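Should a chain be cited, it is by its letter among A, B, C and D, assigned in written order, with residues numbered from 1 in that chain.
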Amino acid sequence: MKKPHICEILDKQELTENTFDMVVSFPQSALPGQFIHVLCGEGVLLRRPMSICDAGRGWLRFIFDVRGEGTKRLAQHKIGDSLDILGPLGTGFNIEKKGEDTPIVLGGGIGIFPLLMLAKSLGKNTEAILGFRTKSLIIMEDEFNEACAHTHITTDDGSYGICGLVTDCLTNRISKGDVSSVYACGPMPMMKAVKKITEASGIYCELSLEQRMGCGIGACAVCVCKSNGEYLKVCQNGPVFDAREVDFDD
Amino acid sequence: MTDLSVNIAGVKLKNPIITASGTFGNGREISEYYDLSQLGAVCVKAITLKPRQGNPPPRIAETPSGILNSVGLQNGGIDYFLKYELPNLKRYDTKVIANISGSTVEENCELARRLGRDVDLIELNISCPNVKQGGVSFGTDPKIAAEITARVKESCAVPLIVKLSPNVTDITEIAKAAENAGADALSLINTLLGMKIDVNTRRPVLANNTGGLSGPAVKPVAVRMVWQVFLCTRLPIIGMGGIMTGEDAAEFMIAGASAVAVGTANLVTPTAALNVKNELVGYLEKRGIKNVSELIGSVLAY
Amino acid sequence: MTDLSVNIAGVKLKNPIITASGTFGNGREISEYYDLSQLGAVCVKAITLKPRQGNPPPRIAETPSGILNSVGLQNGGIDYFLKYELPNLKRYDTKVIANISGSTVEENCELARRLGRDVDLIELNISCPNVKQGGVSFGTDPKIAAEITARVKESCAVPLIVKLSPNVTDITEIAKAAENAGADALSLINTLLGMKIDVNTRRPVLANNTGGLSGPAVKPVAVRMVWQVFLCTRLPIIGMGGIMTGEDAAEFMIAGASAVAVGTANLVTPTAALNVKNELVGYLEKRGIKNVSELIGSVLAY
Amino acid sequence: MKKPHICEILDKQELTENTFDMVVSFPQSALPGQFIHVLCGEGVLLRRPMSICDAGRGWLRFIFDVRGEGTKRLAQHKIGDSLDILGPLGTGFNIEKKGEDTPIVLGGGIGIFPLLMLAKSLGKNTEAILGFRTKSLIIMEDEFNEACAHTHITTDDGSYGICGLVTDCLTNRISKGDVSSVYACGPMPMMKAVKKITEASGIYCELSLEQRMGCGIGACAVCVCKSNGEYLKVCQNGPVFDAREVDFDD
C-alpha cells in the first residue's frame, strides 16, 4: 500500500531571496516530471505540489519560490525538521520519445525545476533553454551546463545571456535544425507559444502543466486542464501532457 | 472489543466512518492507500445521467481552515459508473452509497431506478452549490425538497438519504420536509457558498466566481445543524463538515449523528478516513465505551 | 498622499476602517492602545433600552480559525450609554455608529429616537443569533426585515444602517427588502450560528449551547454575500467577517464594500483595527492606488 | 499608549510531564494576581491567559499546564523564541488587606501559580496551603518554603504531606487561630468551599477566578462571572475578587 512519507530535511539552501532548495530523505524512486505533494505546516490545510528536481537512492530534491502562505510556511522549516510528503505522483516525461537528434528542455521561472532530472535522463546531447527575469535571479546554470551539451540562458531585461523570451530562443534553435523533441514547463502563455512553435515545425513536444490542486492523487477532480475537449486531471493524467493534446483556448 | 457498528435506515455499517461524496472519487486512488473494507461505507462522486464536464478551472482555493471548491459534478455518467466503477467497489467488504445529482426531478428518479439494488443506499444531493440547474435550488425550499424526495423515493429500491444544504435559514424545516416526504436518512452538511478574491489581480480565485466552503472552518455550523436536526426528526443522520480527527467524529455523533463522513480531510491525506476511524476507536477505548452508538445524540445540552 | 476617505450614506469617513459592534466595547479599553481618531468610525456594543445581563458564561469558544460567542447583548442600556459612554467617544475625531438591538420593533424605534442626532449613524442589528427575542428573527424574513426597517427609519434622525444575518437562504432578498424599506446602508455579516461540544464532558462549550461564529473561518461566506448584495442593491455596504489584515480589508472592498469593520481581530490584538488600516494604506501605496474608493466593487468576476 | 510586547523566552523548564515554566523578557512591572495574555502560535487564534507567577526588573515568569491546542502550541516554543504578550492585565490581589496576623495563600492545581509572587509580597509570616493530586505532581515546594513561614502540602491520595483537600487543611489551620486573611486560586468547587469557610469565620478572603477569555482587556464582555447578581468581567474587574462579592450559585 502507498502512504505519505515522513521525510527529514537533509539540506536547505536559499538560492535567491525568495527561492529555496531542499533535499529530503525519501524512500521511493521517482521519474523526471513527477511531483511530490507537501504538507507545509500548521495553519496551512492543503498540501502544495512541487516538482521533483532531482532524486537518487534515499533522497529527493525540490526547489520552490515563496508565493503565498503555503510556501512561506514551508520555507520556515530547518534542516533536521520533518516534512509529510506524498509521492512521487503523476505521470512524468516520456523520455522514450526523445528521438535521435537533440532534445531540448525549456523552462521559465519555476518551470525550470523539473527539467534538471529530465536533462540528466535525456543524455548528454540535450540542450537547455532557461528563461529568467533578470541576472540576479539566475540559478542552476552550472548544473544544467553539466547535464547538457549546451545551456541557453535568456533574461527579460538582457542583463545576462540572450535578451528576450525563451520561445524566441526556441524558434531560433529549431531553425538551426536537428531538434528532435521539446520538453517544456513554465507559465501558460509560454506553454501556449511552445505548442504553436513545435506544432508548426512538427517536433514532438511535451508540456508540464500547473493547476491548483487538492488531493494530488486523482480523487477530487479539482486540478483539471482541457485536453481534446475534455477535462483531464493534471495530477494523474499529467502533469506532463503531449502538447498536441492540450487545448489552450478557453 | 468495542462494537463499532451502526445502523442507517436498516443498513448495518460495520463502523460509522464514510467517505464524503466528491472527495474520494470512486475509490480507485484511495484504495491504493488502504483497504476500503475498513470503512463503514463509501459514498462515491456525484452521478448524473450523462457524463458531465464540470466547471472550468481553477476549481479550488484555500481559505482559513477551509477550502472552496467549484468542481461542478464532473463525472462519467451512470453508464460508466455501473459498468466500470461499481464492480470495482463491490470487491470491497463495505457498503456503497451512490450520490445522485440530477438536474431535474425526473433525472434523479431515472438515476435511482437505474441504480436499483446494485448499491446499498442512495444519497440524493439537493445541495450542490456549484451548478446552475438542480443542485442547491432543490434543497433550499421545503416544498421543493419534499416533492423531489417523495418522487425519488418512489423510484428507489434501497433506502434513500437526502443530503441537505447548510445555505438555508432554517435547516429543521428542510429536514422535516424530507422526513415527511419519505426520506430514510439525512446527511448534512454540504458546502456553504463562499468566495475568495485575489487582491493582486482582483479576480475571484475560482473561475466559477463562487464555490463551496468545506473543512474545519465549517465544523461549528455543521455540528449545530446536526444537533438541530437530531432534535426535530427521528431519522438517522450522517454528519459531516470539517471532520479531521476521531474526536471530531465523536463530536458529530454526540451532537446526534449515527454515522459521519470524512470529506476535505481526504484531500489533505489519502488515509484520512481510516485515520479518523482508528482515532475514534482510540477515543472509545480510552473511555471504556463499549458501543459506539452510545455516543449518538448524547450531548448534555444546557 | 492616498485619499482614504469614503462615503457611507452621506457621512464621510476619513478612512474605511470601522470597529465591529461588540468587539470593541465602548472604546474605553482599546483607546488605551491607540488614538481612536485614527479610525474611520467606531461602532459600539449593542444598545438596548434597559440594561441587559446577557447569557451565562462560558460565552466564548475557539474553533478552527474562528470563535463562537454567546454574549447575548450585555450592556448598560441607553441611559448609561448616553450619559457615560457617548461623551467619552465624542472626544475623538471619528464618527460614532450606535448599534441598536431592541427586542421589539417599538424598542428599536424608541432607541433610535433617544439617540437622535447624537451619533453619526445608527446600525439596526436584526441579526444577533444569541437572544431569544428580536435578534436574528427580525433578519431572516424579508417581510419582517422590511417592516422593522421602515418603522425604525421613521424614528431615525441620522442615516440608518441595517445589519444583516448570514443565516439565511438568500441574502439578496433581505438586502433588497431593507433597501426598499428605506435603509441608507447595509452592514454584513453578523455571525453564523454554530456549536461546539467538549468530547470529554459531552457538554456544549458555551452555556448557551450555540453561539455566533466569526473570524477568518467565515470570511469566504462574508465576501460572497458582500458581492451578492453589491450586485443587487445600490446601497453602500459595510463589509465584515474575518478581517485580520489590510489585504482582507481590500478583498471586501473589491467585492463591493464601501467600508469595512474589524471584529474578532480586536479580541486577538487590541491594535488590530489600526493595524488593518495601516496595512491597507501599504497595499494601496504599493500599487499606486490614489483613492481607496477605486477598490469598491472592482472585482473582475468571470 | 499600551501595546502588546514582543518578549524573548529566556528560560523554559519542564516541571512535570505536562507543566512548563517559562521566563520571558518583559518591560513592565506587574502586581501579584495580575495575568498576561499570550499568543500561542500559528493555528491558534485567541490568546490564552496565564497568571503571572513571578516578575522582576525586565523579566516575568509564568507556569502552565498543557490542556488543549493553545497550551500545546505554546509549549512548543524554545528558549530564544519570541512570544507576543499583552499585559500585565487585570486587577490583582489587594495586599493592603492582609491584616496583622497570618495571611494564607491557598491553591490547587494550576491555581498555585499566581500565589508565589503574592506570598513574597505578603511577607514572611505568610503560610501556604497547596494541593496536588499526587506526589509526582508536586512542584514549587522549595520556593514556597522559602517565601513562607510554613507550607502545608496536601495530596488527594496521601502520597505526600497531608492526605485530603486543601479546604480541610484550611479549616484546620483557621481553627488554630491567628489567620487574618485568605487568598485563594483553584477550581470552582474549591473556591466555593473557601468562600464558605472564610465567611463562616469572618476572615477576609480574596479569590482569583478563571473564565474563558477573548480580548483579556475588558472590551468584549465574554469572560464574566456573577458578582452581587451582576455579570462582571473577570479580565478587568478581576481576576481577583473579594470573596463576599462572588455569587457561586448558578
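Note that in this section a contact is a pair of C-beta atoms (placed from the backbone, for glycine too) under 8 Å apart; a residue touches a chain by one contact, two chains touch by 3 or more.
The shown structure was predicted, so the numbers you read here are calculated from the model rather than taken from an experiment.
Chains making contact with subunit A as well as with subunit C: B, D. If each chain is reduced to the centroid of its CA atoms, subunit B and subunit C end up 33 Å from each other. Averaged Cα coordinates give subunit B a centre that lies 46 Å from the centre of subunit D.
For the pair subunit A and subunit D, the distance between C-alpha centroids works out to 56 Å.
Centres computed as Cα averages put subunit A at a distance of 36 Å from subunit B.
Shared interface positions of subunit A, defined as residues touching 2 or more other chains, are absent. Looking at subunit C, residues 65-66, 215-216 sit in touch with two or more other chains. Chain contact topology: the protein chains form a single closed ring, every chain touching exactly two others. Every pair of chains that touch is listed here: A-B, A-D, B-C, C-D.
Those residues of subunit B lying in contact with subunit C across their complex are 63-66, 68, 140-141, 167-170, 192-197, 199, 201-204, 207-210, 213, 215-221, 223-224, 227, 242, 247, 250-251, 254-255, 283, 298-302. Interface residues of subunit A facing subunit D in the complex, by the touch rule stated above, are 41-43, 73. If you check the complex, the residues on subunit B that touch subunit A are 22-25, 28-30, 32-35, 45, 53-54, 56-62, 65-67, 69, 71, 74, 215-216, 264, 266-271.
Partner subunit B is touched in their complex by these residues of subunit A: 1-4, 39, 44-47, 69-70, 84, 86, 211-215, 217-225, 230-231, 236, 250.
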